[in-house]
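Next, two complexes with subunit A in common: one pairs it with subunit B, the other with subunit C.
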Partner chain A sequence: MANYQKLSINQLSFTYQHDRVPVLNDLTVSVPLDHIIGIIGNHHAGKTTLCRVLAGIVPHIIAGNLVGSCQLGDQSPVQDWPAYNQQTGFVLQDPHSQLSGLADTVADEIAFDLLNHGVEETAIQQRVAAVAAQLQLTAQLQQSPDSLSGGQLQRLAIATAIVTRPTVLILDDPTSEMDPQGRSDFFNWLKTVTHTTIVIVSNEIDELCEIADELWVLEKGHLVSHGTPLQVMNHLSPKWQVATPTIYQLASLMNWPLATKPTLFPVNFNQLRRCVNVNHSN
Partner chain B sequence: MDIRHNRLQKVARLHWYNVVDPVTKLLLALFLTLLSFQLTDLYFEAGLVLISLILLLLSRLSVATLHAVSFSLFLIATMILIQGLFNSQNAHPLVTILSITFYQEGVLYALTMGARILIIIFSIGFFMNTTTVSENATYLESVGMPYNQVYLLMSVCYILPQIQQNLKKIQFAEKARGINPQKTLIQKLRSLLPIMIPLIIKTFDQSINRSITLQLRGFNSPERTIAAPMYHYFKTKLSHYFLVLMIIILIGCKLWQIIKNFL
Partner chain C sequence: MSTIQISNLHYQYPTSDFQLAIDQLSIADSLVAIVGQNGAGKSTLFKLLTGLVQPQKGAVKINQRNLATLTPEERLRTIGIVFQDPSSQLFNPTVEKEVAWSLSQLESDAELVQATVKKALASVGLTKLKDQNPFDLSLPEKKLLTIATVLAINPQIYLFDEPMMSLDWPSQRLVTDLMQYLAQTGHQVIAITHDMDWAAATFSKMVALAAGNVVFEGTPTNFFSCPEPVKKAGLLPPRIMTIAQEVFNDHHVYLTPQDYAEKYPAHQ
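Showing the complex of A and B:
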């Protein structure tokens, strides 16, 4: 029986049209809703394709052979895409492509999704102002989207995805063009998002280990590892070529294992703080 | 504060051309172009060039338009040179410079063609400089054009600027690496050839991504609210009917001239 409180992927495989090699291969995983899921992996691991499947782009817009099932709560991106799409926010890898091109100002660009959802003008005004404030775009609201920097453009892309208040937010490398401060602000903001299932592809492994409830490691289309950041980072295979967080490297160099699980090293600040406290008290 | 429709800002920015709707501007450009092809008298052509030039000068002049005008002036000068010397109808000498004779027929022909090119550039420049893609999209949708046709039209409008943008990026990267100095016209043209295919593929890819984005963002949603036009346009229907009528008359005249030749 389907579990309506989970994101469930069952024996999922996908091959693009005119391709022979599957990009995703027999993926099976399930995670409770409203969690933050980080997807990591090397190049051509299938991260973007998995995001496309979760968003329903595959197979609705990009054709291919999809086998298996994908269920988010009581909805499926494959079976009832228009309804599912209304509940989903998606941020593309390239923020330029995220823009409609049909808006003169940042405010109009953010409002575009709301107009498409039939939201009233007064509500649009309020929501645009709120989202712009959340993503530090208030000063840019009257500017043309073309005049924004790479980092601001990525924040605008995120703003367009969250303004409809989606219950599922899929972010494909949303911080690649942000400066360190912008990146830090973004991940801090992501931590505050509630009642939303967030799937994020990122190479910022330190930040992912701070915020993610679950990490999925993809390798050539296979899901080779999944679990909490602590479990995944402590059982990485060198052949997956996945970077480890700085805290994990420091703790393993200093030999500061977790007090509760001596075989594991910390991967985030809270875990490290506890280790250091234990080591100091000893 | 009205963050999307900042009225105060709009009033401050409102120009005379903002009360002319995009379709009227486009029809006007078409009308002036057809009229220039209908007329053969050089004085009338000069008058039309003047009218379209005034339209352009009274609008916002962009660098792109100035580039287009300077390039067309270069083309016209080349045409005058070639036609003045080698036109098959050349009979009456007009002027002789350093023992090279330019003929009246060829120069007149080149001037007429040049005037038509300028009329097209000026009137299209007026349309391009005084409207934005979003204004066109909003207006077309508000007059009942289906969203998918609006999107198709806007995508076509985006292809050239997008190619230009991508080309600039690639050329800038090449210059930064010292691959191609691109100082002369020949060097610039030569540098274009190897990047043409990747350039087109990249632009095509971006167009596909934009189409995906629009679908994800609910552009085809049945609940979609049609945005109100940005400005209050003046007598839109009257100007449309008048210009369409004039265009039909001009096309009719041209067709009649062609038919008359066969009778």
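Showing the complex of A and C:
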């Protein structure tokens, strides 16, 4: 039975063609649609592959053996591609590999998918201008995509993914080359996006703990933990070797647990403020 | 220890309005972080420091010698670069050959090359991938591979363009340890980064660029104690400072959570 209000993954395994060892191993998890899901884990955990499955790239563009199911609302990236693909925005881990290679200017690159979606010319121009302003690319609109700095290129990759206003946004380490202010602006913007299921892989654990409804921890292809950032960060196994947010580090050093749950340390600003008000109001 | 001396350096790309202009900058510390917004000119500065592009005006001197007068071989031994985009640096059919390639320009002893390559791959944890095609590696693995290619040559000066980019936590610690080891063994390590927490915890000197100009040089403590250049460079302080400011209205400089915990009794 499909659950129309959820992103649900059921006994999902995947092995790339020509490989013997599965990269994803029997994942089962589900969350409501329109949530923000942060995926963390180390190299070879399977984060990028999971993004590719959620985007339908695996198995449609990159071949392999996929077992189990993956369903977002009433659609499956496996069965309902390319209809599903039309509503999905994807930012690849390496922004250099994301360019169409067909556009002479940054403006044309951003407009590319809008043309494919049949958006009309004046609307295209408005949307390109708006998204360029949001990502601070206005000054580069007439520049060639090949002549951008690394961070500008990553901003362009994000712009092309969000300009079509997708209902599913899959982001594989989207801010790795962005400056601190740009990164902070981008995460703040993600928090304001509505009616969109956002899956984001990132090493920015501080930002993830601010915005994610749910964190998934992958280790060697297995989903080893999932839940709220508070729960996940407070129950990490040292074996997974994942980083904790600065607020959690500070609270553990200072021994400032949550007032309501004294066995847990805060992981974001709201939680820290609440526990500090209690601990400090003397 | 090396000294890099930049005077009156001007550079402009043929196809954009961006201009890099640095009047005077001398870099003599062993661990230097270059910071600044996207498009500030950080990678362009690295291209000038390695002679990949020629300045329209001014010069770069390394240990009193003009960079333009070094032979290609001298240049390789003096200064090595890990590019921001690792793919632009890779072209050999296997990981092992990739690491051996530049080194074999300098060293004809095949056995020595092989031993050095082995060591370089081991120190970034890529030994198991030595027979793979570099283009089949993930982005973080490519980044580690480009680090290994420079380690094999072991130049006096290491330039790392965003070394932490997309690395997981264990690899970040590995690369940080490696950089500290290089600095302790007489090399100069200069890294471009957007990670202010890492910059504050790891480097003894910071240079901030904004719109092609140097707007600050000094220690992390000095940099983060003056909000003006931090803002001018479009940057943010380390997270621990933002936490102290926003939650406790405390405007002292803190470089790490440990630093905060140590100063806490005195600041109450």
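Heads up, the rule we're going with is that the second predicted complex is superposed on the first by the 281 of 282 C-alpha atoms of A that agree within 3 Å, B and C clash if a C-alpha of one lies under 4 Å from a C-alpha of the other, contacts with A are read in each partner's own complex, and residues count from 1 in each chain.
In this section, a residue touches a chain if its C-beta (ideal position, glycine included) is under 8 Å from a C-beta of that chain, and two chains touch if they have at least 3 such contacts.
If you're wondering where the values come from, they're calculated on a predicted model, not measured in any experiment.
Q: Answer with clash or fit: subunit B and subunit C placed together on subunit A by superposition.
A: On the superposed model, which is not a single observed complex, subunit B and subunit C clash.
Q: After lining up the shared chain so the two structures overlap, which partner does A:A243 touch, if you call subunit B first and subunit C second: first, second, both or neither?
A: Touch partner of A:A243: subunit C, not subunit B.
Q: Look at A:Q98 in the shared chain and tell me whether it touches subunit B only, subunit C only, both, or neither; answer first, second, both or neither.
A: first
Q: If you stack the two complexes on chain A, which partner ends up touching A:V128: first (subunit B), second (subunit C), both, or neither?
A: A:V128 sits against subunit B, while subunit C stays out of touch.
Q: Looking at A:H117, would you say it contacts subunit B, subunit C, both, or neither? Reply first, second, both or neither.
A: First partner only, subunit B.
Q: A:I57 in the overlay: touching subunit B, subunit C, both, or neither? Say first, second, both or neither.
A: A:I57 contacts subunit B only, not subunit C.
Q: Could you look at A:F90 and tell me whether it touches subunit B, subunit C, both or neither (first, second, both, neither)?
A: Touch partner of A:F90: subunit B, not subunit C.
Q: From the superposed pair, tell me which subunit A residues show up as contacts to subunit B and also as contacts to subunit C.
A: After superposing on chain A, subunit A residues 94, 96 contact both subunit B and subunit C.
Q: Mind listing the subunit A positions that touch subunit C in their complex?
A: 41-43, 48, 93-94, 96, 136, 139-140, 143-144, 147, 149-152, 155, 173, 176-184, 203, 206, 241-243, 246-247, 249-250, 253-254, 269, 272-273, 276
Q: Write out the stretch or stretches of subunit B touching subunit A in their complex.
A: 2-4, 6, 9, 132-135, 137-138, 154, 158, 206, 209-219, 221, 223-225, 227
Q: Across the complex, what residues on subunit C touch subunit A?
A: It is residues 13, 15-17, 36-40, 43, 84-85, 87, 138-141, 161-162, 165-172, 194, 196-197, 234-236, 239-240, 243, 246-248, 257-258, 260-261, 264 of subunit C that touch subunit A.
Q: Which of the residues in subunit A come into contact with subunit B in the complex?
A: For this pair, the touching residues of subunit A are 55, 57, 61-62, 82, 85-86, 88, 90, 92, 94, 96-105, 107-108, 111-113, 115-119, 121, 124-125, 128-129, 132, 141-142, 160, 164.
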